[in-house]
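Order of writing sets the labels: A, B and C. Residues in every chain begin at 1.
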Amino acid sequence: MKDIKIHVNDLSLYYGEKKALKEISMQIPANKVTALIGPSGCGKSTFLRCINRMNDLIPDVKITGEMLVEGVDIYDKNVDVVNIRKKIGMVFQKSNPFPKSIYENIAYGPKINGIKNKTELDEIVETSLRKAAIWDEIKDRLDDSALGLSGGQQQRLCIARTLAVSPDIILMDEPASALDPISTSKIEELVHELKEQYTIIIVTHNMQQAARTSDYTAFFYLGELIEMGKTNAIFTKPEQKQTEDYITGRFG
Amino acid sequence: MNTVINETENHFFSNKKKGVDVKGKFIIGITQIAVLLIIAVLFIILGIIIYEGREKFSWEFISSFPTNGMTEGGIFPALIGTFILVIVMSIAAVPFGTITAIYLTEYAKENSKIAAAVRFSIRTLAVVPSIIFGLFGLGFFIQFVGGGIDKTFNAGQLHWGQPNILWASLTMALLTLPVIIVSVEEALKTIPRELREASLALGATKWQTIKNVVLPGSISGIMTGTILAVSRGAGEVAPILFTGAAYYLATLPESLSDQFMNLGYHIYIMSTQSSDVEKTMPIQFATTLVLLILTLSLNLVAVIIRSRIRRRAK
Amino acid sequence: MNSEFPNKQNFTKESLKKQFRLSEFLAEKIISSVAFLSIAIIVLIFVFVFKESLPIFNFGTSEKAKTEMEAAPDSGAKPESYGSEPTEELKPETYGSEPVANEELKPETYGSEPVTNEDLKPETYGSEPVTNEDLKPETYGDVKAEPTVAASSDEMKEVVGSNNEGADKTWSTFFTTEWVPVSEHPRFGLIALLIGTLKVTIIAMLIAGPIAILAAIYTSCFASKRAKEIIKPIIEMLAAFPSVVIGFFALMVLATFFQDVFGYESRLNAFIGGVAMALAAIPIIYTISEDALSAIPKTFTEASLALGASKWQTAFFVILPAATPGIFAALLLGVGRVFGETMIALMATGNAALLSANPFESVRTFAATIGSEMAETVFGETHYSVLFFIGSLLFIFSFALNAVAEFYVKGKLIKKFQGK
């Protein structure tokens, strides 16, 4: 596997004194879906937030090690965190549309990037919504408040909003955990389609979901990366005892 | 009847006799009386002022000038003066207060000494007696700033170096600043972290996030703060005693360098320095009624908006 | 998936290079500097209020003033160089014209003949007589007279001497019991005012403290949730009453009512003022105490109830002691409110600086003194400075109260809940 998008070398994260991530080293392939699994509190979400430096927002966080994206260390002093986030989008666990219209939600990203032309914005809004497979449902009410959408629609809207800034990598933090099964399957289909164009990293506590959607799976436990490999391999013959225990539901 | 002994010595016994905890009833009763007393006094004040003021209270009273050495007529100029005061005050205090609140919630680092000093200053500002603001207005705005302007631009001619609406409003703005800051801060804190993160994750900068997501979400908080500040500023008299309020003016103020009449000040002088306090009693009560209606209704609006914000936060 | 980077190279050192964003930079700088202004305001308030009261401290420097005046008897000396009483009086603007005019006017203005000064109205500002603008007729006193005469070389020594004496005198009168600011021999007996202020404060706190705290206990410990939602806003509505309204109510209604009940002599007195100020202090004490009581962790209450204590025992023996620091802070801030309250004091206390322990006598408080006399004083004279000095005292006092409420109480609370 030559197409490695992200190289993580000995990445550790401290909340004050507490070491929350312990020397993580892994390689995340391009244009694949990588699932991060593990019991809650294992550090998988924290690790995800390291990839677009969302942890910068939390005071007292210290990060050591390297996070190389296409060979560039994003924690380098000379790297601009705002530009990083434009290239590495994120979809959150709880859908969080802005209290604005649907259109404004999608246009938010392009607008802050300086796109003012109305036709250009219209186009971006339409393509993003189409890519997120939600265009047909809401094309007639783009000016309605985004808060009026159902939970599943909101989450796909958030994905569309992320796509509108044309990122390269998309991070998803348990994007379907608060949704009903039908919405969940729509999100999963969407993930499947999106990997043609994007590198996707998805955190999930639902192992079926990881098995269904991902190409690679990494298992985290107590802040450590226990095992990473092809999803098939992880779920059928894990190398580590802890992984096996988790997958077979013996804890977590 | 000594239930205390029962309770301490024999729990089972006292439980059976729970209905006769006289001491407890008595103590709770006293606290209840305290509450009722406060509420009763409040309604008595309201009642008396409404009762005594209703006679004179009319549209004509509100919309006409005082006549006959202020022993007859209305309170129009005092009302207008109060409006101008609170408007100029808000123009100065709202942006200042909002920006300070943004600093405290968005930019100040936790445990930062400077932020702690800012917070302490604001709290001090909230407890400094209002008369001190009046002294400060006199010493700083009128004599230092106004006098300085006159010295440099007007060749010593007194123009800005005397009491006027501008200085009174700015003095009042300082007084009401903490009210605005506290309200806006509270509103800013109710903006969910998820929304900020959503914006930042899309590559927005901090300021873009504040401008596009945080501030629009706290408009109602800024409004609450403004309304509360206006209510406060409309009722305070001490700060404007010697920074701009006038006893009587035959015309409405025309520029910021004019003096003005003010409702609260009007009440004060009418009740203490009027030529005929007895005769003008109805006017005084009616003026007080107008001021009370103004401040209490503004407060009510603010309370309603605020409770909505709080509900949204939950 | 064939090419190494399917979507062109997205991450390069160049494209990710740290950018300088002007709007971002400006926003942060402007916002923080505006925020720091609030610190500046506190400092400015203190500086400007205190600055105006400085002249009364300057009796020690009159020696210097003397030599400078000798060197430039024609009033050429810059006012700044005086540093004593005259400093404030001889404003730079007042110079400009021929000093001769001053000299001529001086003999007249000296002495205690206020008549001569009658013509020297402040309106004359700007032209020759301006220099004498300082000589405000009504406020004439021996301290007053000196500055103008100071320039005349002959009389100067004597004058400076009396100036020195005057400042000293002003200072020494602070500790007397008479407040007679406008007279030939003004006496600024702060003690009379202090007693007045204390009397009103004590009466107000004796009334407001217990009522507000008991009401807070009821609201936070005994009232049902629905009752609480009604009681709290109503009592807090009392805070929205402008103090001039409360003062007016006390003046018009309370004063007559209590006079009828108790039959004392002076209608407006410390007791009326205290009652009215209690009305102003109650919402403050109530709100802060209620917050403090409600902040006590539920586990305390539950533990106590589980041990078989009744509701009221829990309230008074568990919740109340735990909330003591907060209630103490509430009382402190209540004192601060009453101490500096101006309008109620002006309207309801009678404003006579009498020295007596009788609560039914008229009193004059610090704040009311400033409020009622400032408009009548003249920029720069001793009376003016003394009022600003009183203002500085009030400021320092409220600042200290707030500091104690903040740091001491917070420290206590932290200790209490995080283990001793």
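Throughout what follows, contacts are C-beta pairs under 8 Å (C-beta built on N, C-alpha and C of every residue); 3 or more make two chains touch, one makes a residue touch a chain.
Computed from a predicted model, the values in this text were never measured in an experiment.
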{"item": "Pair exhibiting more inter-chain C-beta contacts, A-B or A-C", "value": "A-B"}
{"item": "Chain nearest the global centroid, as defined over all protein CA atoms shown", "value": "B"}
{"item": "Distance from the mean Cα position of chain C to that of chain B, given in whole angstrom", "value": "18"}
{"item": "Length of the line joining the C-alpha centres of chain A and chain B, rounded to whole Å", "value": "48"}
{"item": "Whole-Å gap separating chain A and chain C, where each centre is the average of the chain's CA atoms", "value": "57"}
{"item": "In chain B, residues with contacts to at least two other chains", "value": "205"}
{"item": "Multi-chain contact sites of chain C, meaning residues that touch two or more partners", "value": "21"}
{"item": "Sites on chain A at which at least two other chains make contact", "value": "82-83, 87"}
{"item": "Touching residues (chain side chain B, partner chain C) in the complex", "value": "7, 11, 21, 23-24, 27-28, 30-35, 37-39, 41-42, 45, 48-49, 52, 96, 99-100, 102-104, 106-108, 114, 117-118, 120-125, 127-136, 138-140, 143-144, 151, 156-158, 174, 177, 181, 205-207, 210, 231, 234-238, 241-242, 264-265, 267-268, 271-272, 281, 284-285, 288, 291-292, 295-296, 299, 303"}
{"item": "Residues of chain A defined as touching chain B within the complex", "value": "52, 54, 57, 59, 82-83, 85-87, 89-90, 92, 94, 96-99, 108-109, 112-113, 158, 161-162, 165"}
{"item": "Residues on chain C engaged by chain B in the complex (per definition of touch)", "value": "21, 23-24, 27-28, 30-32, 34-39, 41-42, 44-45, 48-49, 51-52, 92-93, 96, 125-126, 210-212, 214-215, 217-219, 221-223, 231, 233-235, 237-238, 240-249, 251-253, 279, 282, 286, 308, 310-313, 316, 333, 336-337, 339-343, 346-347, 367, 370-371, 374-375, 379, 387-388, 391, 394-395, 398-399, 401-403, 406"}
{"item": "Chain C to chain A touching residues, read off their complex", "value": "1, 4-7, 9-13, 15-19, 21"}
{"item": "Chain C-facing residues of chain A, complex", "value": "2-3, 30-31, 69-72, 74, 77-80, 82-84, 87, 168, 197"}
